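Quick one: structure below, then a few questions.
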């Protein structure tokens, strides 16, 4: 009974991503994640094509599936027309639907992403916005960003933006009607449900770990998943 | 009433088929588009598995095996073959035409154009060459150097270039490249004892007699190393050497390696000429582009058209030994056909 | 290296790029980090080339980053994209031009998925109808903004005030061109020049007088990695990828890097800053970093626009020494000023990268 495999097989990304793998390793050879992490996209393809639910469940609960950077370099080269990156998307999707993502340190980070990128999309209509971006969370943005943020209105004016303004332009205030349509799209297509699941499962995990889950980025659990790295993810 | 067979193509299969027909007392006209017969064999140095000289084999095929009585038309490009009543008309350039009672297609193969495998950089990075280029270098001693003119310290062999590859447009295996790579790796080690040889393979298709033993010899006697991983890309270092990316799938680790020469084992493709010559619908091509006999299992020399026979690599990749056997078999089929029509 | 070999391959990867009448879809990252670039794109298209390009207020993020961080399901993203197409249709346009490479890759993928699985397209149409009452038509022509600048590179060259040339020596500048992974790795035939030797930026560089460098890690991802950057714990991945590229290109002595993706210039710029702080190492001719540009910034420089209009002041790796090398005439002191010369103070200096030569 290959229940998990059957579920993955329904995901159109999976259907596009895996025909049959002959284990040539061309994908792993070119994969940036394979250079940096204990990761091997060939093994992902080989494991899933075995249709072994035990192995697939182990994957869904593992760190492994969260290492891919979705650059799709694998797609260019595979001689069988497979795309491990698409298989990963299908696995990550199922892992979140089933709540298995909270088993792994990397998987737990989905809450951090939902509360930053995810909420910004619905609130502003952009994936990222100066109001929520700072060098506490992103030190690499450096002193230039600190200066920019301090003078955001003036800098944006200087660069020709329409910062938080009406009408078209850079970083305009996206019309409420558009944001409403966006939210309804999320509601109707399962986007809202995905966000809620990420929160629910993360809350359970936070309770288990004795951390306050709260809301937004100012929470114990958020800070924990945002920053924690057990240093066991890379090769020596 | 002397019946005549036209053999299209003067490579190993054409030459052997013609000789066999002649031995049976049948007249042959042979067409070859190049100045000299021999096909690709002319550009090869040594043949697997025992590294027999291809020049020697070529002479055997041309001279010893060829009694008089074969009309050879070299430098002749056959443009079209038509069935005209009970026989065939062969049209060549400048409106020349010839009659025959039966035809054997021995049009052979083309080497895969490796520039289509762009990520390997052939034609861009000078130290990336093909197996065919390497054979020519073997034929000229002193030519076995990199583009910079120095002896390579390490030579890499890339298996399956243009074969088993959806992206290259060829799903099939070209059969003889693995053993050729093993042979060429050994030859490198023999000629340049200080030079390392590494084969990057997906599978080692050592299907023929003495092939597996050659692989064994390559490892034990010549220290050729084998890495099970399909090459993903080749790039050029500042000094002109080539850096390759591959996964050693047996240890599950991606690796980068510098080689001074990268040899691409180019696969076999059906000759581009064949479909231009045969335009009737009865002659079928497989999805792989090679000619497809209606019964490939037991009638491998018969096309869909009575009197038209197939010999050699026009029906798929083969070694020289297989090609010659296939050519003799085609001759027999043609002879049998002629007896039928004589009755 | 034999560049003629590349030229032959480039012939195989040409694509149709619409001539005019574009619907522009802005990029989340570029609006935040490279606002000058999007401004310049519209300026060049409208003022220099006289093109019609619609900047529609009603469009939103395509949710590409949300999709590639796996928090947004594919159905949701497809429907948001469908809404974008609906806005384009409603406004009477057929040529869709995303500013972001992730978007471009995503739109291309989605159209391909709909082509192979028409039932998925039908489902998305239902979703969109249900959520918004909208209908849509698929774009007739879908190209990235860099494809358009590529298409008009000769027109830009004809109006050029400066070239990608070292003014003092007359030598072409050595340029690293970096293509966003989602531009052509997924569908090589949808990228000019294909995936292995992309030509979209090379064409611009050649038209504007520069020389392109090939180096071993040219095709390597810059390391955005979506979740590998967004989450602080993962950023080592992102940094390592960029560093790998810097280490590989260093020996070829580049003057500048040009990219066509929103994320790539940000990472190639910021990680140089981060590496300088972490390791004390800087790259580049003057030891002051290799300046990283978007193609609009380069087009703008070549056309003689004010570098501070282009937004070069918000790069971490300062561009002044390169601007000097190109012989560009600009006011150094105006770098951090607001409109009308308003004084906005100055950023703190980083430890190793000098913002201003004369401090």
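As written, the chains take the letters A, B and C, and residue 1 is the first residue of each chain.
As a working rule, contacts are C-beta pairs under 8 Å (C-beta built on N, C-alpha and C of every residue); 3 or more make two chains touch, one makes a residue touch a chain.
Since this is a predicted model, take the numbers as computed values, not measurements.
Compared on C-beta pairs in contact, B-C and A-C come out with A-C as the pair having more. Set against the Cα centre of subunit A, the chain with the most distant centre is B. Subunit B and subunit C, compared by their mean Cα positions, are separated by 46 Å. Separation between the centroids of subunit A and subunit C, computed from CA atoms only, is 22 Å. The multi-chain contact residues of subunit B, meaning those touching 2 or more other chains, are 119, 233.
Looking at subunit A, one finds that residues 35, 76 touch two or more other chains.
Looking at subunit C, residues 195-196, 219 sit in touch with two or more other chains. Subunit A contributes residues 11-13, 15-16, 32-33, 35-37, 66-67, 69-73, 75-76, 89, 92-93, 96, 105-106, 109-110, 112-114, 116-118, 121, 125-130, 133, 137-148, 150-151, 154-161, 166-172, 174-175, 177-179, 181-182, 184-191, 194-195, 198, 225-229, 234 to its touches with subunit C in the complex. Partner subunit C is touched in their complex by these residues of subunit B: 115, 118-119, 121-126, 233, 235-238, 243. By the touch rule above, subunit B contacts subunit A in their complex via residues 119, 160, 164-168, 202, 228-233, 245-249, 252-255.
On subunit A, the positions that touch subunit B within their shared complex are 22-31, 34-35, 40, 42-43, 76-81, 235.
Residues 1-6, 8-9, 194-197, 214-219, 251-252 of subunit C are the ones touching subunit B in the complex.
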